[in-house]
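For reference, chains read A, B, C and D in written order, and residue numbers begin at 1 within each chain.
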């Protein structure tokens, strides 16, 4: 053994350490209360605030595992803290005589088997839920099919049965199953509306499926969850569940062509659109009509096959936000966007390569203030 | 517990047997190479039918030609093992002959591969024609690279045999080169089946 | 063949020619010096990676943060992860392994000292290469996992070329050192040191060597495919032409998951050395700890697809991988229980290394439990790629690996440098890191459950993310302060640290039998081993009740007098460093084809020169 | 197969004999590839490739005569590879149907 000074030092430390368990418990209770607080309702992307049967299944499973984990956590950490407090080296008295125990086979076997049992308890509902959630809706459920296509950095929603597509905001009828075909036009994205379901990757060349079912009409915010490049953070979407009747009205509107006035600012904007914007964007039946080798079109069931390079702008004015559901759809933001899109949202249009189908943002076309205000008028007229 | 015990190769005083250690290291390295070629072969298996607009395997492969070059590589294992044998018997002259013969067979194989690649490119299969093309060229190219490294090692060993350095070392250079060479041959056995014969 | 040349035997007296200074470090083949090189390099990169992390946290402190652009942010998180995984935790484990594996085995060096030096220089070449990219157009920005086709998408910008080449070189370096460590363990153990008597830290190094040996080739192939897709137009991950991006995910995670255990097992080994020393008890259920390490290693290969639960594997594969993932909690749990068994009934000396080890257990339990929640596939579909995952793996990798490593640093510093790190400052260091760590990462659980995805450079207000992000940022500052205290402690100790004897902790394994720092030849006489924890058995015996009884110094078994007669030490060589430098130049050239081909040629000549010089060396010197 | 009972190393005569065997199998492989029916062809080809593999590794590489430790090192990789990659290919649907 080495000198007594060091021994003294150890003991002071031991004493200071004695106060720590309280600290640890405070920490633990903070952590626990925080987790519980996480299920408050006013957080739009709260995964613990389910609004659909699917999300509820996940939520129930999560809480089962969470409480089991809490029990294990408490048992192990309490044992650890008790061991530290009880067996620390003390200042007074002779040094504890330590029995040189090398192990205890019975205990070791026990604590190998015990976790197996606990895990078996978790495994059964897990496997069951995995298969449940993967089941496609039956024909009786009359599910609405929506093709969800990820683009850098916005979501396209195609309604193959209704014959139109839109972007940023996905309208669905509440109380009806929605069957999503999810894919991507460029890199891997992940479609995630936490209150409705877990996420599902949008992989180019593949189609992944999810079933959505909103209990109630309402707005459900979501966001791309797989890193997809520069503006990954600004790739959001809004799922708007509306009543069946409202959905009919909305769908009927989108199935028809928007009306463009013959004169005025809007008409001038329409002219500019037909010269510049039409290279990528669609309004009604006017669009680029590009024909590229596409990983998307020929794979999506019932899809139109048209490849879209940029968001469909038909009925743009109904959207609350734009630019990956990031910027308020108001005059100021629209004009700022048209003046220099990359200033508002980080993009690299200089790296666009339309031949390859690579679109990394809307270029700055150097539009005049007049063009900008006309285009803004056009967009705001598309209600 | 005995499952993991191994012969204690450490001699007294920490003077471990260097040649044993190097052989062991080579086996470990080859174990690692199995996974490398495994990944390449897996990629190929995944993409072997994805030919796009380009030629397919059945259209392009010349099985008789490849069978002959495979046979040549296979026989280089024989010359290698004979070289190894004469090295063990310290018959340096014979050893050099067999080593150079092995290197020669390896070079014939490589020449065959170069010829084959050129043909394929002429017939319209390049690395960027289809995933099949990418996977084929990268897998066989990687193998070819291994053969080329092996040829260089064989030549270096044979030359060291000429200059007498090999004898002084008394290590196990020929043994190691042999292991590597046979491994490269073994990989080709798998490639020949998976890539070529399955495509017929 | 060249890479497998044996050590050049030369008499100890001529082993260190009087060239001194930097040249001595460049040409060293001494495993201890190489270990120190690894250690200092990884601490340096630890600071770099830490600064990157601080940038990330400052950017996210408030909604719509404006400290970094999206571009800069993406580089920061990519390089933070790449740096911490490949340039910090792996090499620092290598530092410990290099320094202590031969000492713990009772050997004079590793099996292939120059291969060992080559591994280090290759690591340094790869590390500098990755870091250089910051100064020539930006660091890698495709995520440390480099998912194709994002990583192959923009070929005009060379950042991901730097990334894919740099990682490959680091991989080769790791394979080389793995081969080296495996051979060392199998051939260099002192007489009597059976595998089951081998210290647990050495065991864990042995296991991770296998993990690296078998997992790295797979990612190497993936990285080559990414590089070729970017540079010569192959179509491996090009979905439009029939390639499949999911292939990359398989190849990456086939490596990536064993890699996780590569990061954590050395820390577990360190903890298994520290706890018995300061609890004054042998490791509880030693063979269970070792076998659970082996089990973790094996099973680590069978769970990779749990990183891909949202990619669309299909329910059968998802269920299967959910079960294997759950099952890996069993050997992990065994380890934790055995550590508890070790300290239970002991006499705990709560000094800094011990505190870090106990902190490791405390934090690792949290990380382990949140890990189990990932195996619940449906729940994982919510948590995947959210901050919940970030919280989980920082509890494992920071609370686990880094705390274990700090424990190791405080434990072994006196052996390496002969001076004890200051205890009082060490405690401040521990508590700042412990509190900072929890403040930083615990809130991230909530952030993830509240729907905050990873790798986002900004978030909007009103999402319920503001408060916890701010807390996490404050925590990261506390953490940074803790690490600053650590650096100060090290600096201070070099100047006026308390001198440590050969065995300051009354420890149990062979490395403590030599002087601090050890002589160049490690042991005057190669020890003969009779027990596990052999050194302890030289100092103590047990009474009938199983209590330790110190053996008086004059009654301890007498080791034969005098040093071994002929001590063979590897001679210094500049060839490994030259070959490493050659590789560095070649890599730079490969990024800038066609003009760079000149650099490739120059670097290639340097590399070949190094290799040939290396393979011819022993022939010249060996038999004189 | 124990350490103590090393079989004697093969002689050059054996090596030549093995080469003949390898050549015959190779010829058979090519023949089967051309004339075999699909159902039997694939397993047969794999079986023959495996036989060649074992012969070269066992005799030419002397793995049969080596220490257990070497064998284990190599077997680890050899066993891991087909299992891991089998699962990968299975998940892509390559091994079943298609």
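Going forward, contacts are C-beta pairs under 8 Å (C-beta built on N, C-alpha and C of every residue); 3 or more make two chains touch, one makes a residue touch a chain.
It should be emphasised that the depicted structure is a prediction, and the values quoted were computed from it without experimental measurement.
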Chain whose Cα mean lies nearest the overall Cα mean: C
Centroid spacing, where centroids are CA-atom means, of chain C and chain D in whole angstrom: 36
Between chain D and chain B, distance of the C-alpha-averaged centres to the nearest whole Å: 15
Inter-chain centre distance, chain A versus chain C - centres from mean C-alpha coordinates, in Å: 33
Chain A and chain B: spacing of chain centres that average the CA atoms, whole Å: 48
Residues of chain C engaged with two or more neighbouring chains: 182, 186, 213-214, 218, 241-244, 246-247, 254, 287, 314
Of all residues in chain B, the ones touching two or more other chains: 6, 9, 24, 28, 31-33, 35, 38-39, 46
Residue list for chain D, restricted to those that touch at least two other chains: 69, 73, 76-77, 80, 84, 88, 92
Interchain contacts (touch definition) - all pairs: A-C, B-C, B-D, C-D
Sites on chain D touched by chain B in the complex: 3, 12, 15-16, 18-19, 22-23, 26, 29-30, 32-34, 42, 45-46, 48-49, 52-53, 56-57, 59-61, 66-70, 72-78, 80-82, 84-85, 88-89, 92, 94, 98
Residue ranges of chain C in contact with chain D within the complex: 182, 186, 210, 213-214, 218, 244, 246-247, 250, 254, 301, 305, 313-314, 317
Residues of chain C that touch chain A when the two form their complex: 69-71, 74, 142-143, 147, 149-150, 153-154, 156-157, 239-246, 279-282, 284-288, 310-312, 314-315, 318-319, 322-323, 326-327, 329-330, 333-334, 336-338, 340-341, 343-351, 355, 358, 361-362, 365-366, 369-370, 372-373, 375-386, 423, 427, 438, 442-443, 445-446, 449-460, 462-464, 468, 501, 504, 506, 542, 545-548, 550
Complex contacts: residues of chain C adjacent to chain B: 1, 4-7, 106-108, 111-112, 175, 178-180, 182-183, 186-191, 193-196, 213-218, 220-222, 224-225, 228, 232-236, 238, 241-244, 247, 251, 254, 287, 294, 526, 564, 568, 615-616, 618-619, 622-623
Complex contact set, residues of chain A against chain C: 1-2, 9-10, 13-14, 16-17, 24, 27, 30-31, 34-35, 37-38, 40, 42-48, 57-58, 61-62, 65-66, 69, 72-73, 76-77, 79-80, 83-84, 87-89, 95-105, 107-108, 111-112, 115-116, 119, 122-123, 126-127, 129-131, 133-134, 186-188, 190, 192, 194, 197-201, 203-206, 208, 221, 223-234, 293-295, 326, 346, 348, 351, 357-358, 360
